[in-house]
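Multiple structures are listed underneath, in structure tokens.
Here chain A shows up in two complexes: once beside chain B, once beside chain C.
Our next item is the complex of A and B:
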């Protein structure tokens, strides 16, 4: 029983990280229909921005984290501005955008590995590393912070989309891009904003993993893969779906090892995903893939 | 008085003659080491030790007048990278000898070495399967020697009854775990749980949560490299309070610095931090030397001694077969760590120490003399 509770708690923590990554990726995919795998590059960069901020520039941890989130948002925005939008203006189809994105992911990860080496770089997180005991469950304060980030980040995003002018614009573009254009919404700008927002929402996940186990250059690939799985499971275009999909994957990965040897951890998620996509291709809350409501 | 032409001719001839007179081709050997990745800390020691040895040999006139040149290759704990490196050393550089490290990579390159008659000297990998292999010599004991001491010490002296194990899912990790299970059982203990994990992993909490639930009174970490310190820290974080144990692999800077690893029960192979070599290493690389630095220093020195012998026999020709025959006939080598004798199984025997890791140092409690 104790083991189950511990795995449940670890699952929620890991699931929160996946959820943050999935919500950001899902927002971008739902709005632009770009299969933005370079989101993994932004995720990786966020961790290294925080490392550079704290270790090389000597910023206090909180400031390094805030700066890293902003820098990640800017990175996402620049990817769209400098790569995807010019490609689309030249009439590139979605596959071309996807290949460009994949190429960018590989280039960024390798450049990071060359500059910082492939070894994990630890951030100094001080008291956040101390244990937090809840009955039979052991976590660290960082893990509690991770769950808090996921909850607050998600709520803030939903409120922004519901109640701000720009949020309305994003939702309009995601549900009916042509209609949005006819009522005078600047699609290019909305797209840039979506990239900045989606990157900013996922950046904390990259930073929090790095704070826990060190920044690594190739981790983004795994996370963006899991994020896309979470989004497809949750239903494309549904942010609550992406959140729950991410949580579900984290829980599955950890609860799965309860009775199955732990070296199968990664295989469990993808096995269940395959099953899921065959049985319910639209995901939990999904609509048709051509457009989406947020 | 000489004419300018004569002077010019003399200068030209001497300029031409010098390289010819000194045209002793350098002797090239390889070194396939973990220079990056989860075991990069070993790489710093191994490469440093080999570099210092090669410099000393060259400063003293080289091997039978030939300069020694070491070509370093990185396997990053990956057997396929080791194979590529070995192919390059064999096909392009045509080395008669290479240093090698780690169990999986060494097992992967051994058939290439044996086929092409290139002697491999392993000073780091410890899988029992590295013994009795053609052209492969281990100037380190195989892990069963060390695990035997560890299991006995834990069960008989420390009175531990039941062990949980976290195991690297590679040759070295699995072989050590298998040996530990048998030896701990023979000494009166019992292994009650085992979880495997990737050597280059950074999050071992799922495995550790399962091991915590399984119980046991000692956690044996059948892992090496960076992973040991991460496991030690995460084990404490996740509420594992029982003592932990690991073999000499674990003793790298990451583990020595880890808070979770304080109090770890370890076996170690002899290393004297007060020897002149250690001071030389520290001065040169600005970091403390360790056991594996001496191992690869010795590996190069053993090669130099064997190569000299081989060239004496062949009248100056050097090939892998000659080096192998020389090692077989010399057998007992003087090293800075004492006499090193290759056993009939191509591995060395050493004293094995058992002790507790405290404040970054091992407090030795027991020493088992080589071969006992």
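Our next item is the complex of A and C:
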């Protein structure tokens, strides 16, 4: 029983990481319909920004994290500004954007691997590593912080989308781009904002994993693909869906360990994903299936 | 012809088969797969296992490889292609991950990370294929076979439906075509052919282990298709000829191994981005007719 509770707690922590990544990716996918795999590059970069901030620039940890989130947001924005939007102006179809995104992901991860080596780089997180006991469950303060980040980040994003002018613009573009353009919304700018926002939401996940087990260059790929699984399971265009999808994957992986060896974690997740799209292709809260005109 | 050059040609054959078969899916049907390295691996492992455990010969292994590859892709194609193209990207990535796990963790069958050594070189009609030179002939024969099958398919009535589905799914559906069925058949045929490349590889190298069939290999095969030109059947083959020569050329620059592998990846990745800007149709591709909206 204690083991089950422990696995449940770890599942929520890991699920929070997936959820952050999925919410950011899902916001971008739902708004632009870009299959933005280079989100994995932003995820990886965020961790290394934090590492550089703390180790090379000597910033205090909190400042390094804030700076890394801002830098990641800027990176996401620049990817859209310098690659996706110019491609779209040349009349690129979605597959072209996808391939460019994939190319970029490969380039960034491997540049990071050459510059920083492929070995994990540890951040100094001080007191956050001390353990936190909740009944029979042991976690660290960092794990508690991870869950807090997911909750606060998600709520802040939802409030922003619901109550701010720019948030309204993003939702308008997401539900009907042509109509949004007709009423005078600047699609290019909204898209840039979406990329910045989506990257900023997912960056903490990259940084928090790095704080826990070290920064690694190729982790982004795995996370972004899990994020896409979470988004599809949650329902494309639904942020609560992405959140729950991420949490679900984290719980599934960890509760699965109870009965099945951990090497098979990924296999379980994808098995469930396949079942899920058979039973309910539009996901938990999806309004629509992604356009079939790929 | 040196043995070194022969080796290069055999590998062009292996990757040529993989890229031509993937192109049926990517170029002719507009469906992206991240699992072609897994299919490659399934072909290699299937023929290695039947050769080592059942003593089956090259032809038998080839058939088993094709069937296993087809089965694996049907497993993801049937649920995901019913929905939309993006679902297949995610599902195929899943297959890629699961299959690599199977290779490294199902140790009683695959011998885990250590891999399976001692796969026999093929004997065809009493002719022992034991040198790289003879293997070049076999590799090119199989590549030609794959090419001809794909040519036959793309020029058939079915092939035209396939391309119609790529260009305008709704129109194809309105014409009474079974869009989902077409896509599933293409995915299965593409994988069956791709698995042949794996079989060829296993009998050539005589050893298989999980590290040859990772995700980056899938992306590499996809790069061959896209850079070579996905609008034409010969495009991916040209891609294989040119891009497989690149790492050989890099060997002349004395770069340490830990840097050379990422460098190669950076090169392919940067080429993908650059081609999307300058020549999205690839080296051999036909310029698409642009419709102004």
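Everything that follows uses one rule, which is that the second predicted complex is superposed on the first by the 288 of 294 C-alpha atoms of A that agree within 3 Å, B and C clash if a C-alpha of one lies under 4 Å from a C-alpha of the other, contacts with A are read in each partner's own complex, and residues count from 1 in each chain.
Definition applied: a residue touches a chain if its C-beta (ideal position, glycine included) is under 8 Å from a C-beta of that chain, and two chains touch if they have at least 3 such contacts.
Bear in mind the structure is a predicted one, so any value in this text is a computation, not a measurement.
When both complexes are superposed on chain A, chain B and chain C fit side by side without a clash. Contact with chain C, but none with chain B, is seen for A:225 once the two complexes are overlaid on the shared chain. Contact with chain C, but none with chain B, is seen for A:104 once the two complexes are overlaid on the shared chain. The angle formed at chain A by the C-alpha centres of chain B and chain C is 60 degrees to the nearest 10. In the superposition on chain A, A:120 makes contact with chain B only, not with chain C. When the two complexes are overlaid on their common chain A, residue A:96 makes contact with chain C while staying clear of chain B. After overlaying the two complexes on the shared chain, residue contacts for A:271 are found with chain C alone; chain B is out of touch. When the two complexes are superposed, the chain touching more residues of chain A, out of chain B and chain C, is C.
By the touch criterion stated above, A:2 is placed in contact with chain B alone, chain C being left untouched.
When the two complexes are overlaid on their common chain A, residue A:262 makes contact with chain B while staying clear of chain C. Shared-chain residue A:135: touches no atom of chain B or chain C.
Figure legend note: chain B and chain C, brought together by superposition on chain A, show a least Cα distance of 6 Å.
Counting contacts as defined above, chain A residues 117-118, 261, 263 meet chain B in one complex and chain C in the other.
Of all residues in chain B, those touching chain A in their complex are 36-38, 40, 76, 169, 195-198, 202-203, 205-207, 209-210, 212-213, 226, 230, 236-239. The part of chain A that touches chain C in the complex is made up of residues 35, 83, 86-87, 90-92, 95-100, 102-107, 109-111, 113-114, 117-118, 221, 225, 228-229, 232, 261, 263-264, 266-267, 269-271, 273-275, 277-278, 281, 289-294.
Residues of chain C that touch chain A in their complex: 30-32, 75-76, 79-80, 82-87, 89-91, 93-95, 97-98, 101-102, 104-105, 168-170, 215-216, 219, 222, 226, 258-259, 262-263, 265-266, 268-273, 276-277, 280, 290.
Residues 2-3, 6-7, 10, 117-120, 129, 131, 133, 138, 140, 212-214, 216, 253-254, 257-258, 261-263, 265 of chain A are the ones touching chain B in the complex.
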